[in-house]
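Okay, so subunit A shows up in both of these, paired with subunit B first and subunit C after.
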Partner chain A sequence: MAQAVARPPGTARRRAEDRRGGSRGRGSRRLPYLLIAPAGLLMLGFIAYPMLSVFYYSLRHYNVTKPWRDGFAGLDNFTTLLTDDPLFWDSLAFSAKWVVVEVGLQLAFGLALALIVNQTFVGRAFARALVFSPWAVSGVLTTTIWMLLYNPATGVSRYLADAGIGEYGTSVLSDTGTVFWAAVLAELWRGVPFFAILILADLQSVPRDLYEAAAVDGAGRLRQFVHITLPHLRDAIILSTLLRAVWEFNNVDLLYTLTGGGPAGRTTTLPLYVANTGIHGHDFGYASALTTVAFVILLFCSILYLRLSKFGGDNR
Partner chain B sequence: MSTAPTALAAPPHARGAATAPPARRGRARRRRPYDEVPRWQIWVPLGLYLLFTLIPFYWMLLFALRPAGSTSLVPWPMTFEHFDKVWTERSFATFFQNSMLVGAATLVMTTGVALAGGYALARFDFRIKKVFLLGLLCSQFIPGALMLVPLFEIFRSLQMINSLGSVVIAETVFQLPLSLILISTFIKNVPYALEEAAWVDGCGRFRAFCAVVLPLLRPGLIAVGSFAFVHSWNHFLFALMFLSEQDKQTIPVGLNTLIGADSVDLGALAAGGVIAAVPVVIVFAFIQRWLITGFSAGAVKG
Partner chain C sequence: MTMTTPLRAAAALCLAGSLTLTAAACGDDGSTGGGSEGEGAGSITFWDNNGGVRTPVWKEIIADFEKAHPDIDVEYVPIPINDVQSKYDTAIAGGGLPDVGGVTTSYLANMVAQDALEPVGGRIEDGSLKGVLAESMTESVRAAGGRGDEMYSVPTSANNGTLWYRTDLFEDAGLAPPTTWDAFHDAAEKLTDKEDNAFGYTIRGGEGSIAQALDAMYGQSGITEFWDGEETTVNAPENVAALEKYAGLYGDVTPEADVNNDFVKMVAQFDNGDIGMLSHNLGSYQDHLKAFGEGGFAGLPQPSGPGGKRVQVSNPVDGLGLFKSSDNKGAAWKFIEFAAAHEANSAWNESAAQIPANSEAAQDAWVKESARDNGAFASLTDGSTEIVQLPYYLPDWNNISKTDNEPAFQKVLLGEMSAKEFLDAMAEQLNEARAEWQEQQ
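Let's look at the complex of A and B:
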């Protein structure tokens, strides 16, 4: 009976075809180009051009502190990176761990939260506003807040110790064993609302009839969730996890300010490593090679993920 | 299998259905199944999650409002000394003004540019459209943090380092792909026939757009505008890199200075955090009811 609850066939596609006639009428030939020009020029000038210059620098030696070495380098930077740079592999491994743990936990909590606030109960609008509020909080502000919580002298650990739990002076951010989870928790705090909002938005479009039909056929809440809700949310989940994974990979605000990549390089992601190499180390050539590699890895993983998850597939 | 529409008209929380026995099968058929969730299964996890969300906010307020050296868990006696200090001594007044300027300019630029481009994407088929959309997609994979060096060189050659304009441009550019897609989806949801009807009545394309489409885009424009504002208010690296003079810096950079200070003044840090949070909290409270509907308009699915 689970088959009966598939989505109604693609009305969206039909509408898109109706619209295709759209360019007739009084559109002059040049109008679309004029309209797209500001956006196009801005993105060419400030995204495409810098990106190309990164590719270019990646093939050169370019270090402000060693100007005598500047010049064409061929693939030198890349061979160093792949064969002779343990920091690159460490930061890549940490990035992968960070992204998988963060996105996984954020999705799990976000999904649960969305299902809860999708119920009907008194004070729902207020509860939604409260649980979604960290969505608008920045990385630096998250660091601010969690440094107050984690601070060993007057943070939460002190009051826990007063109550007999743990020890005084516990500093989770300078202990290599706890720093990862401390950072994960802070990022989780502000990351969950993103998933909760997107999934809640998609939950609104599940046709109510499906649940009623399933209930009539005797499906319990768990089976309704597995056979109706999850298949319906599929594309939204795939897309939001991908967007979030790329975002978590690239975002440096929180780790840069909370741990600075430390202690002892334990929380250095690839972008943080690049920032350190390029900005503090002034080795733009090598930083550009790292950037290029990061870009390729991201693109490759994203395509692989969309392929494996069969995005937009079967039930469309 | 479709049920009578009257079933949906029933008051949604009329039943605390936890006790619904199987004997009442006839009614269960008419009720929305999700209303059968026992109340405690909502309130216990929700309550726990609310604690996780709100304690950090409370903690910041506590540190910002209680006197230095106090270890009380309630902000009483209340003091505003930390706010005073941060606002004047640590120049948060200037940072606040700069952040506001950057946020407002980014909002206007992003919305304007995305509105024009989004209209073209929604209403026309043109040759470079596919390439353009592919470019939008690819730009999502470019680590913004890794573009700092080339962007810095561009702004230096334009002599825009230490000018707020550089930050406005950088924020706008990185906000554009998402904004373009959002706005074009919203425009697609406005039937083209409405515009055509206005043309028949003698409006030009521009007047028809202003009179017919623009009013219907309000939720979309609010979403895009507030994303742009919140994003630029929050973003840290561009301002850190492009603005080195202190009287040009923005709130996140100011916060970072407080975090990195040799002996961190926790009261001042918390007060700075509260100042940074106020505008986004106001914007959030204003837009949050549009947030869900805005996304369910299919915006995310593109």
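Let's look at the complex of A and C:
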């Protein structure tokens, strides 16, 4: 037999309030999801869909000019590129060399320029504007400037030949021994300001009293740089080199317009090879497989770099 | 900080970085849609496949057309010649094709294979263009489409390979115009003085190099057929020897920078320097006229080879295609008929210095004057030249003649690959492509 249990006064009222509060609570729990939904949908549409589409086509034979060949390929495209495509390995090796040299040199020059324009001197504002100006120039315009400089009829080589240095009709872009460094120089001109801007922004947040204290303790400028400046810049350098490495790996515009990947394929990066295979060769299945492999390489290298560099860790 | 943040950062970076790459491989199933005839009025879009250079004359033709057909509005879209094929491919895959577009026979087969173009043979037979299009050009269009006798574009003009030379430099050197290959090589050598920035010839080593190399190769070997049975003749011993001789010009009588020469760079080299000769087609006439003025240059047909025989490879025939996806095919066809008719076709070809497809336009005074002034203009039709028909009908032709072999030809110029290795590899690709194409017929 059930016994009546005495309820404390006000219990029913509290339960009614809880019910109303619960409904408000569920609503407020949904609110954040609703707020991020537009961003989530955009990411699905503009990132997830293209990526999944590439993964899908990488498993297919898909050449728009040969519809009779279309169909499921399994891992055929990957097997071909890994075992029977010297162009893939050549372009990957060139991409690696391009990224290491470009990012290394851009960092070194960017750091040096940031340190210089961080000093106080007459005309500093003008010097800063001058340092940062190449970053405002579009990729195609950068190429045009450098193509004019390298032009055999109107560029630097012509004037050098007039002065008796070198020969007429030559260009650093047509010589397999110089084309790499000629392209590196053009990209360096465009890329250095990126590092200079980021590093300068971080340099300005270093507390001045650290330098004053170090100076009082007898530390010279080099020791101050090594023990104060560099540790402070550590995360900025890691992040900017990673960003720049990804961008340089994916670089298409400058090399495509400056050298077209030549001469004789000497400046063909992996993305240029993808563009040639997909856009000019119409073989979108194979181009998708190349893209997938490039993505995996980038992802692996990025994770490895962040782990080794302990990005975000407090090692100061 | 835990490793979660770096992992997330790396993933985000790679996602962002991969976007540029993924764009290359995005696409749907290539469906072009059925389109419809429409009401014969309204708005149509026209893509010019050589936008920029030809824009003024097209704007004039469009203005005349809109005056004659006030109920039709033509939206003109100029596409740079180097980008046109990728623009078409992108539009075929992703949508957005025009109603009418300029299409040359060099990529016609690709577009037919993708089912993008409407057959136009029936419309020609039933309309005002019946019987007025040059038979040689309609044959080229039929052959290039690769679908039997059906036509997938209306021919508007033909081009021809031309040896442009500087009359002043030849006169100064006491040289006669080079009408034979031997005279050509002799002149190239005599006009070269590297110490004084003077070169006998400029060679095309970059984009578009293969067709030009084949032209010089067949011209010197005298071989007149591209196929010998089931096999191509590109690697015949006479052709190997001819290509070795042609590639040997590089560096000796040409600037070394020529290895990267595309059309623009090559013509700029010729027009801005002291270079004796340039092989291109009729289309660069206006550039040379601007640079040297009347009388400062002249054009010749391809030099004659063994036994006085002149042989050259076929040049693409330009035309207008009607797209299957058009929802206003009636109005689009009216525009094509207008542009290929006597008056407009004559005006366009006179502006572009090319050979009209309209046989009435081909009788105009300016055509006769051009033929008199430039042998290359007349040599296509006067019976003096044997044409080696390039296999534009192979869906692989564009890959073989561009993407696959242009870097290899640069290796030949740089001495990193022999002409025989280059031609053997190309022959293998061509034989395979032909066998595959035949299987699909």
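Just so it is clear, the second predicted complex is superposed on the first by the 274 of 316 C-alpha atoms of A that agree within 3 Å, B and C clash if a C-alpha of one lies under 4 Å from a C-alpha of the other, contacts with A are read in each partner's own complex, and residues count from 1 in each chain.
By our rule, a contact is a pair of C-beta atoms (placed from the backbone, for glycine too) under 8 Å apart; a residue touches a chain by one contact, two chains touch by 3 or more.
Since this is a predicted model, take the numbers as computed values, not measurements.
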item: First (subunit B), second (subunit C), both or neither touched by A:L160; value: neither
item: Comparing the two partners subunit B and subunit C, which touches a greater set of residues in subunit A; value: B
item: Which superposed partner A:L92 touches (first subunit B, second subunit C, both, neither); value: neither
item: Contacts of A:F295 with subunit B and subunit C, given as first, second, both or neither; value: both
item: First (subunit B), second (subunit C), both or neither touched by A:V246; value: both
item: Partner chain in contact with A:V274 - subunit B first, subunit C second, else both or neither; value: both
item: Partner chain(s) touched by A:K66 [first = subunit B, second = subunit C, both, neither]; value: second
item: Subunit B versus subunit C as contact partner of A:V101, first or second or both or neither; value: neither
item: Partner chain(s) touched by A:L173 [first = subunit B, second = subunit C, both, neither]; value: second
item: Those residues of subunit A which subunit B touches in one complex and subunit C touches in the other; value: 46-47, 50-51, 53-54, 57, 154, 158, 239, 243, 246, 249-250, 252, 271, 274-275, 278-279, 284, 287-288, 291, 294-295, 298-299, 302
item: Subunit A to subunit B touching residues, read off their complex; value: 4, 12, 19-20, 22-23, 25-27, 31-33, 35-36, 38-40, 42-43, 45-51, 53-54, 57, 109, 112-113, 116-122, 125, 127-141, 143-149, 151, 154, 156, 158-159, 189, 197-198, 200-202, 204-205, 208-209, 211-216, 221, 224, 235-236, 239-240, 243, 246, 249-253, 256-257, 271, 274-275, 278-279, 284, 287-288, 290-291, 294-295, 298-299, 302
item: Interface residues, subunit A side, partner subunit C - complex; value: 46-47, 50-51, 53-54, 57-58, 64-68, 152-154, 158, 161, 167-171, 173-176, 239, 242-243, 246-247, 249-250, 252, 259-265, 268, 271, 274-282, 284, 287-288, 291, 294-295, 298-299, 302-303, 305-307, 311-314
item: Footprint of subunit A on subunit B - complex, ascending; value: 1-3, 7-8, 12-13, 28-29, 32-37, 39, 42-43, 45-46, 49-50, 52-57, 59-60, 63, 71, 73, 112-114, 116-117, 119-121, 123-126, 128-129, 132, 135, 138-151, 153-154, 169-170, 172-174, 176-177, 180, 188, 192, 196, 199, 204-205, 230, 233-237, 241, 252, 255-256, 258-259, 264, 266, 269-270, 272-273, 276-277, 280-281, 283-285, 288-289, 291-296, 298, 300-301
item: Residues of subunit C defined as touching subunit A within the complex; value: 1, 3, 5-7, 9-11, 13-27, 30, 85-86, 89, 92-93, 109-110, 113-115, 194-197, 199, 205-207, 254-260, 262, 268-269, 272-273, 395-396, 398-399, 402-404, 406-408, 410-411, 414, 416, 436, 440
